[in-house]
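So that you can tell them apart, the chains are marked A, B, C and D in the order they are listed, and the count of residues begins at 1 in each.
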């Protein structure tokens, strides 16, 4: 499919300088990043979950950026046909294309824009804030109602139907949905909420999708997403979730989902965050209990009892999930009011720099992770999160896959009990078929090494 | 559940005179009709398909109408709990309550309001027009895009999923949906279209539900319906469909659906309507072919070959249905433009008075129907439609059921070939389990008598 | 100027039956009434204050009503050029044309539509309510803020500037304006309020103009009016003012203004209306004190001291007027709340049938008025109002002028003190040049006869 | 008057970092600049035209910036009472306060944000573009309709009334107005257009005011301005006018107005700008011809005949002005279309760096200006513009006044004919009383020196 599109009004005011940046095919230019994200956006609905597969399949795809009345025109060449209806780009996808453009330009413009006088952690938070504000995602004075839903993009039909039912119950209660954009647990809650919002006549319902260039090809935004935000990397994406969201639901998923759980525990276990209400529910349908049992056991073993108090597990009860979330949001509202804190951005939450800084999953970095309990629990949580992040990269991300192909599996070291727990966790993901779409040929991208023992 | 509701703004301007009418429990007053319709609206989602069952189950239900600041307040006593979320009436149902109120008051006010100088047929059409206009259902200058979907309220899961997929494909193409309000084939297309409209960012999508007091309890409006219209009787309801809709889809259903098909054929077979494009598609999923085969055979036998050219049958192809409808709508648009005709109301269609006048399915009226081919085909179509209408009444409508209980089954007379065809049609509905929800005990409410033969 | 216009969307849904009524040039048809009102609307800004002058000057004007896509198209032939800018009808005037059409059609449809069971007075009030509701003029739940401004259409420049300043101060306080539509004191407050509303960013400011066919030609609606309502006659127009308005300001005017004052006193002097707060301010700039002194003296003499407590006179202080009105509106709000009364329509006010019924100012009717104090004060107020109404008719209304030309001046009879007071009132209007635009040749259309004395 | 205000929604999303900047009273902080601009905004309607007078009069004024729910709250202490109605800040002024805040923060954030790779002139233009875009002033796809009106803030009543009439005629034709924000010729056209826009039902009329910190105190934005933009300095303000505006009208004014005329001629006389249509009309009422005669003569003498072809002079004919502007805008539209140029920002216009760079009117800089005709006409125009800019500064701007007090009048050197022409121009401004509000004591802030002659 080949087609031309022009931006929606509010994005049709680009400077020639910006257009030139988008056209720039050199290293520093935005062209290649934009092409890759554009393809991901256009490829929604597809089942491919590796960037490489997507890029290969659509080798012939191109996006040409030209000026038209000093705005921008995109010529899409050989784009995935499923993005079009009767030759017209689906409107939601059309919006996503220009959301990508908006965020890439903004980040490119600000890249060195650290605020003088701010420490590194505050500076990153400020950047996340600025990006979300620029994307119009911060709406002041609206009572906390944004529920972040995490979970796998490749889940069973029963799990998918369950996420829809949970989304429906939340939508009936006026909650908005924020996810990581892709299919599966990221799409179901939005679909369910859409029907409920229609029944409740919620006119400005928000379906926020937060992605980042490294993952977007594997998790194409579904077109129900009506606010797509592209954060520059995975850490800022995770920070965007926790600062924008008011409540959090985790559906069954795979390693990526476990990584998100550890990220959030790394934050919540910080002393300074304990006072803050933070609704966090793990839920799935009857038949999917195993996932959360596994995860719960892993957390208990590695981070201890206290960590398990940060969340609640509800099995097969969408109604209870929605009511529990409603109560949690009421607490958040009360807390924000009492502390004079903004509704639209969680400034109060302290995120340690270790969780904000980019973790580059090289073989060395993976080997250097310290997976041991003789350190504060939130530090261990952060280390575990890095380990899982590396495994996700090795599974589905382009550079990770290439690194594994070149240097063999990552090595992870640590205290035997922790390594054992990790081993069991990952084993059970494999046996639950949660490790990748192509289960048959799954070959682990990592090797576990127990300290003081031969692995 | 007991709760108080006040109207939306534009309905909160009632005169004391109108409030008094609503409160009036005497014969001429509106109270009892309003209570019955209000209950139907509140009972949405339920599976009961007989008015009597609904009324019995909610014997304790009451709606008290009082004045508040010279507007109206409704106190709902013992209302079905499913209409509420956390103690709040679902917004869509809230709107439906006041749509009922709006239309009952309007009809009550106009009841004798025949326009001087107009013949009876024109006068009925004018009334339908006035009622639709008063309900804000006529939107001028919008390109023909209203697709009426008919079909059963009690269909199989596969059929229901299929109606959603057809609705989705039509929604992607910007079409709006109009149905008879209830569950099943009346709800699925709206649900599918809602998701598609979200993806296409259609902001003012229309989900029009047209009901009438006699049927509303059995076909509770689903809350996605965002324009509920209560016509005073079944004939005006049918006329509203054909004058408001631009395209027509029939999904599998039962006798009621067959009645609608005969109604429309009774119109389209009129000489004066032949020039008009009128997209009419019968469609269902693989596995449901039997329904349309049966119907098609019945039409061919009774009304002849020509009648079968009025519609197209598409099996198991939502995409093809949507594209066929899109082309049909384009033809309608072209025709209306060429003839200087309004987009918002099909004035051109000539509906014979026989199809406009209320058919009261008494035993005598049923017996007097002439089901024979030695009359113009459109006249026979109208007679057959009455026969089926009577059977629907005998099956699910309160007064019909009571009449059958008292006087035994209706008798239908006619030419043997027609009666045989009718027999086969109804037999096959029974064997396809399309006659009523309670299939086990189904006992026919009619007896067929072949002219010149002992029945 | 000759031009074609089509309606705004919400009026482009007419039935062929309605279009035929508009085209009907026979006695019962609407054509001639519509043509006359349309001309008035198009002639705004002109200084002519007699219907006859307007009709004469634009003898060649015609409006042809035709169908276009079953809506209506108006072809304006030889219309006043001032209504157009670069060949396009000014949008405000465009809206007025179709407001006229809307109200004439509505009244024509309902003319005999008296509600069964209502007494004549309630029935008239109900009709006023229905017409205002149909014109969308009743907006529920909005705090009382509608200020009716009465006063002359032909006032001095200083008085006109003063009305603008009062309008400005009221607009700053968020008040809306309702007037009789014409120039002078009917236009100034709207103009001032428009500037203030712009400064206060009031987006949906209301400038309501209420007219009637008999007066509209002499008081063309100025295009700032964004809600034009055509009541069927002068009595319903007056009732619309007092039921819709929450506060009342009277600027200097002529006999018509005095008539309005007496109408309102006829209501307020009713025992049953005494408890109701009813802000009523007479105001004018320095230099215009004489008008209200005259009126005040007349009221004191004829209706007594108590009548003078119904209003407040403020000279040359727009700020004080606005603050006084603000306080008055707060009282109205409190009263409506306390009594559970609607904000959007003053149902509580009792208007005696004598003030609701059409007063046809024939020579006989004028002669039969009883202008004497030995009757309840509110009855005398009503009689005086009729007397003044007749004088206005004789001055500027077509049938009145013709009657005078034929039969000579009206005769008015009454108690000498009342007649004397009336004499002085009218004399002083003449000497203040408030009797008509053409002061030079003013010849009174009435003769005063003192009971028991030769006149 | 002392009061607290919180921002409108879209500005209530500040970071703590930004709030700290606003609170910062040190040199680099924004506090003092913000306080000064806030006072100017609150002081609208006042007649004081020197920053110093304003600051003196409201010595006690303070604005305290505090955080409230991580947004910002402004506490206004001892603010001018005229900004309030019944204790509430006028909404337009409320918006202006936060527009100031928005722009000061934006500029502070970007101050060093020159774009790599752009030459200095392009970089300044890019900055102007970014600031206007951030202020939402660039609306794509809207047909050219923004008319910039220049002229004096202190003009006669007749001239003021005339500017209203011109604004009215332009408003009737759907044009928007952009001015420098203050009273007089900057307010009148907006007021006239407001009435016309009300009549034409223009819902999103734009009244753009562009100011800068150095001038805002002397030209308080009138509250009709619904888009206030604070550019960082006078040169960027002038560039904003010419890139945002589509047509230009100059009403009578003083030296500042003449400066604007020379600025625009400095641009239009550039060879590369000649092909571009650029509607430029000088107009005033009967009685004000002298101003433009003087200016026209000055231009003819100094810049030559060709320069006089850049503008048209229309005396006392608002209707002709509006029609001439309408035609000019049509040409602009056609040109932009033909050249594929944006409607919302005039990228094509080449502004020489000399006119973009800040001219600091020190005594040395003034002395070094070369006011002689042996240089390209557009260079001389730029030099003359600087001379006049310096005189404005010496007259009304705080630092300029102080410099004059300290070092005596500026000295201007140049070719005798040019200096003579300048002398006459300024003399005639004095005699027309256009030099300052306080005409009595006007003492020139400059001395003219003719090259080769003793001055």
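The criterion applied here is as follows: a contact is a pair of C-beta atoms (placed from the backbone, for glycine too) under 8 Å apart; a residue touches a chain by one contact, two chains touch by 3 or more.
Treat the numbers as computed from the prediction; the structure is a model and nothing was measured.
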Separation of chain C from chain A in steps, with touching chains one step apart: 2
Which chains are shared contacts of chain A and chain B? none
Would you mind checking which chain's C-alpha centre is most distant from the centre of chain D? B
Which whole number of Å gives the spacing of the CA centres of chain B and chain C? 48
Just how far, in Å, is the C-alpha centre of chain D from the one of chain B? 65
Could you give the separation in Å between the centres of chain C and chain D, each centre being the mean of its C-alpha atoms? 46
Chain pairs in mutual contact under the definition given at the outset: A-B, A-D, B-C, C-D
Under the definition above, what is the set of chain B residues touching chain C in their complex? 9, 12-13, 15-17, 67-71, 115, 117-118, 122, 126, 129-130, 133, 138-141, 336, 340-345, 347
Listed in rising order, chain C residues that touch chain D in their complex are 85-86, 90-92, 95, 172-173, 191, 194-195, 198-202, 207, 223-224, 226, 326
